[in-house]
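Each of the next two complexes has chain A plus one other chain: chain B in the first, chain C in the second.
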Partner chain A sequence: MSDSGAGMVSWVLNGDPVESPAGMTILEAAKAHGAELPHFCYHPGLSIAGNCRICLVETNRSPKPAISCSERISDGLEVQTHSEKAVEAREGVMEFQLINHPLDCPVCDKAGECTLQDYSFDHGPDESRFVEKKNIRHTKDLGPTIKIWGNRCIVCTRCIRFCDEISGTGELCVVARGDRSVVDVFPGIPIDNPLAGNVVDICPVGALISKDFMFQSRVWNNEHTETVCGGCARGCNVTVETNEGFVKRLMPRENTDVNDWWMCDFGRYGWRYAHDDRRVSVPRRGAEAVETELEAHRDLGELVRGAWGGSKKVAIVVDPFLTCEEAHLVGRVAAGTGATVGGWLPPSGDELTFPGKFKISGEKCPNRRGVEAVLGQEVFGSQAKAVESMLNSGGVDLVIVFAGFPNADCPDALASAVGKATARVAFTLFDGAWSEAADLVLPSASVFEKEGTYVNEDGRLQRVRSKDRPGDAQLAQPGLHSASISSPWVTSELVALQRALVHVGDAERSLSAAGVFRQLADSNEHFKGQSHRGIPATGVPLGGLAPAGVGEGSES
Partner chain B sequence: MTDLAFSKDAMKEYEWMLTRYPNKEAALLPTLRIAEREFENLDPAAMKYVADLMGLSPAKVLGVVTFYTHYRREGTGTYHLQVCSTLSCALRGSEDVCAHLSAKLGVGLGETTDDGLFTLSKVECLASCDTAPMLQCNDDYHEGLTLEDVDHLIDRLREEAKAGGAA
Partner chain C sequence: MSFEPILTKYRHEKDSHTIDFYRGHGGYEQAKKAIHDWAPDDLIEEVKKSNLRGRGGAGFPTGVKWSFVPKQTDKPKYLAVNADESEPGTFKDRVIMETDPHLLLEGIMISCWAVGINTAYIYIRGEMVHGYNQLVSACKEAYAAGFLGKGIFGSDFELDVTVHRGAGAYICGEETGMLTSLEGERGQPKLKPPFPAIEGLFGCPTVVNNVETLANLPFILEKGADHFRSIGPEKSPGPKLFCVSGHVEKPGTYELPMGVNLLTLINEHCGGVWKGRKLKAVIPGGSSAHVLHADECDVNMDIESLAAGGSMLGSAGVIVMDETTDMVDALLNIMKFYHHESCGQCTPCREGTGWLEKIVHRLHQGRGRKEDLDVVFDVCDRMIGKTICVLADAAAFPAMSFIDKFRDEFLAKCTNSDRSTAQATSGAGGVNV
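Showing the complex of A and B:
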């Protein structure tokens, strides 16, 4: 920052000479220098509206306060963010913002993460001078997932700009004017697009409310886990919010290399299967529940031991919901037993790219590329065919199937193939033909219960995290059913596979996901030099995996 | 949802209008004027027609129509009485004009009489300050009003309606 090179602007922020790249707005440049300014209508992902005026600052360029979110920095500009004049200007704006506001924080879902609340605390008067009647504006459904409390709307137009610029669907507008203005939809054309949920996130107040999250929990009680969405190969960065072990909502996390500030509704509301009562949560031998998980894992270990050394014909069917770490463990089992490994992908959906560049992948699983990077490029291709014909031609001694498909969307080929082996193990989220035919059924972990890494469609390595870190928590309490631990989560494949390997004698003890990843990084070109700790919050491009192309296959 | 369409003449006018503005969107206001004339008022079907015609989102058209007070909205009576309430008129008694009309017609502001004849609104400056107080009835200005003038106007309009033709 010391060279005032081309394209840099020298200006003064609160008395300190600073430099910033030309073209930046005061608000953005000040933020880069550590001075955050309040803002309602400004959003880094949307065009500049400059309508709320809560970002006012004092400058040497005009006697009137400047709108910092729209005014650009220039040489010699002097900005005061907290001078008496600046603060007074913002206090004035705040007072007007609150004139018609119902101040119903106690029943508002946004309370606790509402910028109006925050700025009111910073800038608001402690007493209202407004004695007139407040305006009443509509409370109504705007679409199947979204409701508006018009009285809370501050008409920042963020939601409208989102629908115009990012989703390109244009369902929202401001109706009427002045203090009667409020957001609405055209009669008969509700807001109903694959990105609609984002308008609730970016509404700075509690005007737009997600019906899915409405009255579900107070936001400050939620625990936050930074992970990625498992809905498709895009791998949007998300925060999973849980409360007493249950998912309450998913929120997008900023990652300008993947999902910007957004996520799609399919991913956002796609968590319910994890808490579906029909999920397989207890291991079974055939139809009979196994008393403890440890016992079931020993069964698995016993079957693997019987096939160790390549004396038996073994097939392993993987799913693209496995983490890279789990795939690595599958690779170890396959190496020890000489198994053939292949797998099926869920049916693909439409790939959608929106005017704001946000993309939904047509590949409805999170880790095809990761599993391929670990188990070979052909694992879901010719290898799947090989496994299928091997099973159909009979004589397979042991088949281990991973069917972590949400909502029991299991490919048909898998179901019909499983029944044809002598010994059959199925990891599954839901029961289906594949698990009904199995001798040993083990619960699969959902994306929300996994610890490890996924590789998205661009070859980006990203961390998957679980609130209860089953990889660790359940290792610490072996022998218990997940159902008897205070959390509803199930034990992941990561744990089961390691217990089997320990049983065989191929591993000394079970490791955390990070430990398994170390083995993977040591043995696989693509992952060389990576570690869980070293992966940034927004992920890292993986060596040798070109975006959307075909990387080099490598068997582990 | 709609089989509304501009007449040939209206379409010609619309196309000519487009040539007078830098882009389509900018021609929305005058196009709405045409639609108002063609379809009597700007109900959702009319707004939708204009949106489709101009390649704009229906929501955008709704936002524009509701921003202004001077477009004929759905349910507007035969005679739309818009009383100016900005400074000069306010000083010269527009409140009284409003109150008088409200009592005489038995409707509040923004309401329409049961017979569908009159809609009463209070609007901002109609740029006729020199003749305050004034009101606009459909396309006509009525200026320098006294309460008697208002009575006469209403009587005349009632008769006109009875005779079978709105101005």
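Showing the complex of A and C:
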């Protein structure tokens, strides 16, 4: 066998000599060599419990099978994952797991993504030898968002370790002993912490159930979109699951540079606004709906054309929910019209850092840093002040306001300032003082309807994706309100701004978000060399941006 | 053979539990000698030489265990005295604690001096209220006499002893289960390694020893390791407490040299099988041990001989069964115990102990099926050697040996062939609401 390099261990996996970095567990090292070993209680983000025993393998260390999630590799170790002994050990564990399990997959929300189901298929018996009565354990609420179906619990303690180690809140425990063991909360202390939803994700079975998702859809019918959360500047990597165009749930996506395996409940359950009936979904002239979206975009184009070349006094107010691509298009409008661009940020909240290092940002918007990278460090600082006083001093011919805030109101002062301009355009999610003051109201897209990129608080460039790619779909079908086609989605600012630029004659045709990003990468130092395709699934640190907090707006 | 009890010499004397009595009979002289005259390392060597082996069940050499504790460490070291004594058929540690608690305290002082420990916890089974009271007053007396606390015997050695009551869980007798419980957590075993000697109580090096183990130390120091080794067999020497229960004329705790013959123990010391009946079976080492058929009982009660005889010395809880014993009933009793006491973290033990009880329960009701016995063996196979602690094995051993050695009695219960009948009438479901 070859000499192990420094810190490397030579061992044998199913007869093949392999090398792995010292200190790894058999399970991790085997995975790195392409052999996935089954596991219930092991989770890469939690301490090792070693209780489920499904990861048993045969080794040359001892006649007893070893649990691969806890035993570490060493020189000369020989591991058999599929020997008779290993297979028999796993089959034994699977049989035990199933004897008291209710096997109620048809009504279980976890079905389709349940580890017990999967392993049962791979390692389980096809017939039960258990003819006794099954045990009954409690079904109850554990907190405002979570229920437990105790009969399904396999007592892997993942959820308990999460609350002990990651959220640091310790609400969960095992009560009773032996096969009566089940997860519970302490009397009068429900599980109610900002990270609680994660315990449902990591429950390998359908014991912990999210009330938000309960009976909402079968998971195999859901379509998956890998994107980031728009709830705060952390930019947690998430998968949005949709079914027939409706969001069903958000699940965290592993990214050890941002959110590990977790997300917060604010982000997780913060999608309902996207399907709120009160959303502005149809463009309006004042109070009157515009026949087609295209017509509304032509109106916008007309206003921009009137101001093209710097003949008019133009102000643009941006929001930090715009993608980098949309900010780039705003920049082009501003360049053509000589507009002054400022922006406003939603009120900040508390920054929370948990014992497991997970962080919720105090900045309750996803792309302040991206918009700054495109439109200037001071866009939410001194430029914001400049725009406000410009509006207040009167004589502004055209103002365009972006108000894509799901949960915040535009400051009154700004709304009244907007009202003083001659022509007023507002992109908005919901009606408010600024849209009532506007003579052209256009829908803002929610983060679930956007295609493009965001830059998180650490300066990490990440992809925002939409299931229905409005950036593409609506480009192909211009004349229609997006809300009236099969999906409930609205057309994003990306589309509206490009149509306006085409109308003005500044662009030949509308591009996809990737195309707009290419323009941005060509013209902006920070984005140089980047492309949508080149951005890894977990994002990439953006060049020239300081890690965190810098560019916090110059005022105060 | 004339053997003078050593550990239980004074158990029937009035006031044997008081410090005055204890000192009046040479008590605390050995601890004093240890602290004044023995270098800790030499003391560990002496205990190794004595070949004293743990009396808690596993029989690990005590001196060797002590030598695993790191000498150089910036962490505190602890002694955790295992006084949880919950193995069915076992009642020896309580005799020491109730009648001679200072003997235990002196043993604790000697071991703490040898290993360099300043804090000891005695984890006593919660139900043993009398033993607890005796220990607490013994500690008070020892503190008042200056044997515990600071500056013991004029040296700069300090030792604090705390008595902690368990809450009635067998699993808290397993050493890591006991440590988790002491830490204030749910009492359940931890993965090993790390072993307690390296990372035990509160993550610090910890010696775990049984009460009886420690009670041997003053005698070893008094008479020397060689003398100790001359009692009983070379490989597991010393005086030993045997707890005899069940169908004998005189059940009780007997102190005899290690290696006494089981039949001698029953017939000569315990007055034989009761009511003139014949012997049917004996569990020699607590309920976790393989049962011995009457034909196998001519065996010496020491670690090696019992292992060779297909069972184990374990906790030396000797349970004697006469010819009238219903072995299915006896096994059901044992299965109920393990089902009740499994902590439930490991899948094979959590589910296996319950399954075994349910099957045996059904057999007991006469509703067994022929295939049930094979299922029992399979379940046991799937439990043994696959869990965090050995409670799973401890549950499987009696199940296998009872059926193996008394198969006819079990087969007689296996007349049912209808799966649905079996299901409808088994009643041992552990319903938890």
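In this text, the second predicted complex is superposed on the first by the 541 of 556 C-alpha atoms of A that agree within 3 Å, B and C clash if a C-alpha of one lies under 4 Å from a C-alpha of the other, contacts with A are read in each partner's own complex, and residues count from 1 in each chain.
Keep this in mind: a contact is a pair of C-beta atoms (placed from the backbone, for glycine too) under 8 Å apart; a residue touches a chain by one contact, two chains touch by 3 or more.
The model shown is predicted, which means the values in this text are computed figures rather than measured ones.
**Student:** Of chain B and chain C, which one contacts the greater number of residues in chain A?
**Tutor:** Of chain B and chain C, C contacts more residues of chain A.
**Student:** If you stack the two complexes on chain A, which partner ends up touching A:Q97: first (chain B), second (chain C), both, or neither?
**Tutor:** After superposing on A, A:Q97 lies in contact with chain C but is clear of chain B.
**Student:** Quick check on the superposed pair: does A:R533 touch chain B, chain C, both, or neither? Answer first, second, both or neither.
**Tutor:** neither
**Student:** Mind working out whether A:R53 is in touch with chain B, chain C, both or neither, as first, second, both or neither?
**Tutor:** second
**Student:** Considering only touches as defined above, state whether A:A176 meets chain B (first), chain C (second), both or neither.
**Tutor:** both
**Student:** Taking the contacts chain A makes with chain B in one complex and with chain C in the other, which residues are shared?
**Tutor:** Residues 173-174, 176-177 of chain A touch both chain B and chain C.
**Student:** Can you list the residues on chain A that touch chain C in the complex?
**Tutor:** 48-54, 56, 63-65, 70, 88-89, 92-93, 95-97, 99-100, 129-138, 154-155, 157, 173-174, 176-182
**Student:** Which chain B residues qualify as touching chain A in the complex?
**Tutor:** 1, 44, 47-48, 57-63, 66-67
**Student:** Okay, in this complex, where on chain A does chain B touch?
**Tutor:** Residues in contact with chain B: 163-164, 169-177, 184-189.
**Student:** Report the residues of chain C in contact with chain A in the complex, numbered from low to high.
**Tutor:** Within the complex, chain C touches chain A at residues 169, 171, 186, 191, 339-348, 350-355, 358-359, 362, 369, 371, 375, 378, 381-382, 385-388, 419, 422-423, 426-433.
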